[in-house]
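What follows is a set of structures for review.
Two complexes are shown next, each including chain A; its partner changes from chain B in the first to chain C in the second.
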Partner chain A sequence: MSAAKLLEVRDLKTHLFLKRGVLKAVDGVSFDLAARETLGLIGESGSGKTMTGLSLLGLPPKPAGRIVEGSVKLDGRELVGLPEDVLVDEVRGRQIAMISQDPMTSLNPVFTVGAQVAAPIRAHGLAEASAAMGMAVDELDRVRVPSARERSRDYPHQFSGGMRQRVVAAMAIACRPRLLIADEPTSALDVTIQVQFMDLIERLQAETDAALLFITHDLGVAASLCHRIAVMYAGRIVELADATELYAAPKHPYSQGLLASVPKLGRRGERLTAIPGNPPNPLDLPSGCAFHPRCPHATEQCRREAPPAVQVDGGGEVACWLHA
Partner chain B sequence: MTVLLSLEDAACHFRTRGGTLKAVDGVTLTVARGETFALVGESGCGKSTLATLILKLNPLSGGRITFAGEDVGGLRGRAAKRYRSRVQAVFQDPYSSLNPRLKVRTILAEPLLAHGAPRGEVTAKVRRVLSLVGLAPNAAGLYPHEFSGGQRQRIAIARALILEPDLVVLDEPISALDVSIRAQILNLLQDLQTELGLTYLLIAHDLALVEHVADRVAVMYLGQIVEVGDKVEVFDNPRHPYTQALLGAVPRPDPRAPRASGQVHGEIASPLEPPSGCRFHPRCPHAMDACRRTPPSFVKTGEHTASCHLLAPR
Partner chain C sequence: MSGYIARRLLQGVVAIVGALLIVFVAQRLSGDPVALMLPMDATEEDFAAMRQALGLDRPLPVQFVVFIANAVQGDFGDSYQWQAPAMALLLERLPATLELALAGLVFALLLAVPLGVISAVHRGGLVDRVAKIFAMLGQAVPGFWIGLLLILFIAVELQWLPAFGRGGFANLVLPAIALGWYPVAAMTRTLRSSMLDILDSDYVRMERAIGLPERWIVWRFALRNAFVPLVTMIGVYFANMLGGAFVIEVVFAWPGVGRAVVDAVFARDFPVVQAGVVLAAVVFVVVNLIVDLSYGFIDPRIRHG
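Our next item is the complex of A and B:
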């Protein structure tokens, strides 16, 4: 994408300081994102995807988590190190909003959904109470909650899972954020509802010109939504490429392993190629390249030194000694 | 083919404050010895409740279940216990299905002792089943929390196999696991089936997984089977609009593939008030008058059956 960079993340490191040691949840992550672009962040649980998303909002888990290094620039403005009140007033929910996996926990059960969608509009001073409620109804309508005006007076438990996730989406876009972070938003939904939600999120993005950071472990969902994809392993991006390039010709052995290990529709009877071993213990990462104990190509160098990210053919970046 | 398990008009109803919830409402199917029979459908369709009927964890509200020629519903006492040793289960989440306070040795020995195996045989059997699922013998002395998710699922599989069952119910056996180790567990399950001649009843929502491992497939919607048949038939030539919609909604791990499409609108109805006629009609793009009025009957072509008015001969 040659479009101007909306978001620039450079060498971001978020560590959790636990009694048992330092957990390097995000350990040197860099990527860019343009307006209207969708970047997929894929990887397994514990690879640092969610922690990357939370770090962009300045919300690493308290008290253990801290951004220890790096930079996050939105429209050229540095967000790392901004005082909490500035983040609250100007960034969270205003410029960057998040949709999380479980709509039941991101909605407050004792407020009507209308009040909850209106809350960010009021908090950011975009409208007074009564006008904000009207705007909330418009947003609920925009996410296709049927009979939005009547339903805005209902409580979250009166909605189905798919509809609740729409309400969360309405809340997220209410203040027209420049960047939308969606963290596994469809993982709790059934496939027929998932596809409806994917259509919705694409339409919202087009209507609001937002950039989308889409966090998922589902390679199918990522392929259908994302322009570019970053594959994370043990707190780092091991490969970042155009989606078509990544799926057609994955370069990092972990990306190759992941793609070979998922069953695909229409390919019956083939034995899956499993990645050997287990995901690493985040408190005790392997030396050098964290993937080396599971990698079929590991050499002595992989055990000693972490590989740097380098540009490869096809325009992507790979952190692997095979390509360095 | 030898029939191992058959269900005739099986039902499981629960009385709730909101009325009678018909979780399973008239399911007929047969599972052949040695095959993998998959039940697919979205949450709330009744597939897990159906499994509890087969495992005798819930009583039948109607119909009949037959296992190796015996009427399962009528089994009591010792016969019921023997049945339970022949039908075992592996559940979705190995973090909640293993008792955190027991060592693996005890977890695996429990079913043996409950079914009266002599104590002297237990150690050897535990060691054998551990090696069968690819775990080292010293695993027996550890607690579940000392293992990763994939290894825990191996322990759950070992526990299911230690009584040498005929049928294993696999209820979403890989969906709680990390993506990179799902293939390991899937390959293990397939190897064990070949090695031990197991019959699998696989419950899953992931259609790509089902296409990969199943021999036959049944699609459930609101407590009923809407389509059942040979896997190749069902996936290549889905006949029920719901099966077509499910297959169309699966996102492909290929950015060049046509985008998954939402052919059905709305959401699954409440099983407390299932729609009249065909239960799928409020979401069906082809719904006609007949669909609202009468439940469709099954139309059979070879080994492939579906219940839809579109398929009825005119």
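Our next item is the complex of A and C:
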């Protein structure tokens, strides 16, 4: 991607200070995102994908979560450390918005969907009450909610899961954010609805010129949508590469393991390879490279030292001693 | 929704008939009313004549039907003390009781809503801790004792507000506080815990992620959800205040239904007591019906369900 950088994340660390200890949910994540680019953030649950997304919004879970280090720059403006009211007024919803995971629980049950889509428009001062309602109907129309005007007066429980997710998307794009974060937006949907929603997201992104950070554990979904993909493990990005490059030639042993565990069409009877072992206990991460206990190539160095991210052939970055 | 209302209405009718049955049976169990009405030296013939006049010589089922038929028309007989229809005596005092109960409810809500919300938003903070102490006191200290303290300090020592009787707003303040005191604790705790759940919900997270100001999220989007469990409580406590305000009414010499019923108990004025029991049952049923209906306004899922 040669376009100008929209988002620059450097060494971001978000830790959760729990009674049982410090959970390093995001532990030194760096990546860039160009305008209109789609970056996939993939990894197992607990790898820190969602926490990374929330950190970009300055919304680590309270009261335990805190961004302890690092920098998030949007259009060159540092977001980490901005006061809460500035984040509310100028950043969340306005410049960065998030489509959350579960459409069934992401809408307020006692307000009409129209009122909920109009809320960010009013909150960010784009329009007053009745005009905001009109704009909300336009947004519902944009996300292809049929007969948007009538349906804007309905409540969430009167919509199907797929339609609810569209309403959530309408809330997120209502103020035309520069960056859209989609946190597993399709995991809770039926497969056919998933495909529709992915098409919709792609179209919305094109129409609103937003960059997209697509968080998922589904490699197939990521491959079909994303320009580049960042693979997360235990709070860090272990590999970041062009989507085609990553699928053709994954460099990090974890990426290789992930791809080997995905069933492929036309290869019936072939055994799937699972990554041995379990994801590490996030409160007690292994020394050195967090993946070393499960890695077939682990060496003494892997146990001692965490590998830095280095540029590799093909333009990607890998954090692995095999490539250092 | 209409089927639901019909069902609730029917349940209400059953409850009121139940109350009538209890009143009817208790009346027959509590001894011979004729003995109470006639002078000590009345003859056996006088008794028989009186029983016949009152219909007490007829079989119990017949008596019950007659009783129900009269009760439906609001006829519970005349008060022995006042020689006037018992129900009319009480209905005359209903506005005073309603006024007090509403004032008590408003006081409770004015205190419980901000306390509950702020306790949830700043969990473990100063307000939360003060509210906890408040809740403990509220549950442990009976309303009538609070009433006595209020009279002693506010009315007698400081002479800020009148201690008894019904009149203007000033008369209403102390009894309303004494009456609304008890529910504050429970309402605060209920609101706090449902607000905590809601502030942790996915939709609040979504509302934050699109940059809605926190005060909108708390006082509009979350609070309306948190009201659903609170409304149940409001119904129960309001009905209790209407039907059970007699202690406070006695303490503050408030001319309400409760006090009239207490007076009637001491005077063995059975028709008034019976009318009071039935009136309380009707009020309870009506309030609960209103509560059931109001769910629909707050929560559309119930309206359409």
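The working rule: the second predicted complex is superposed on the first by the 324 of 324 C-alpha atoms of A that agree within 3 Å, B and C clash if a C-alpha of one lies under 4 Å from a C-alpha of the other, contacts with A are read in each partner's own complex, and residues count from 1 in each chain.
Note that in this section a residue touches a chain if its C-beta (ideal position, glycine included) is under 8 Å from a C-beta of that chain, and two chains touch if they have at least 3 such contacts.
Everything numeric here is computed off the predicted structure, so don't read it as measured data.
Three-chain overlay on chain A, with chain B and chain C fitting side by side and no clash. Shared-chain residue A:V110: touches chain C; no touch with chain B. Annotation for chain A, partner touching more residues between chain B and chain C: B.
In the superposed model, A:V80 lies in contact with neither chain B nor chain C. After overlaying the two complexes on the shared chain, residue contacts for A:S45 are found with chain B alone; chain C is out of touch. Judged by the touch definition given at the top, the superposed model places A:S224 against chain B, while chain C stays out of reach.
With chain A as vertex, the superposed Cα centres of chain B and chain C define an angle of 80 degrees, given in steps of 10.
In the superposition on chain A, A:V168 contacts chain C only, with no contact to chain B.
By the touch criterion defined above, A:V191 lies against chain B but remains apart from chain C after alignment on the C-alpha atoms of chain A.
Fitting both structures onto chain A leaves chain B and chain C with a minimum C-alpha separation of 10 Å. The interface of chain A with chain B does not overlap its interface with chain C at any residue.
Those residues of chain B lying in contact with chain A across their complex are 42-43, 148, 150-151, 178-184, 186-187, 190, 205-209, 211-213, 231-232, 235, 245-257, 259-262, 264-265, 267-268, 283. Those residues of chain C that touch chain A in the shared complex are 201-203, 205-214, 216, 221, 224-225, 228, 298-301, 304.
Those residues of chain A lying in contact with chain C across their complex are 54, 57, 59, 87-89, 91-94, 97-98, 100-102, 105-111, 119-120, 123-124, 155, 157-158, 168, 171-172, 174-175.
Contact residues of chain A toward chain B in the complex are 44-46, 160, 162-163, 190-196, 198-199, 217-224, 226, 243-244, 247-248, 254, 257-276, 278-279, 294.
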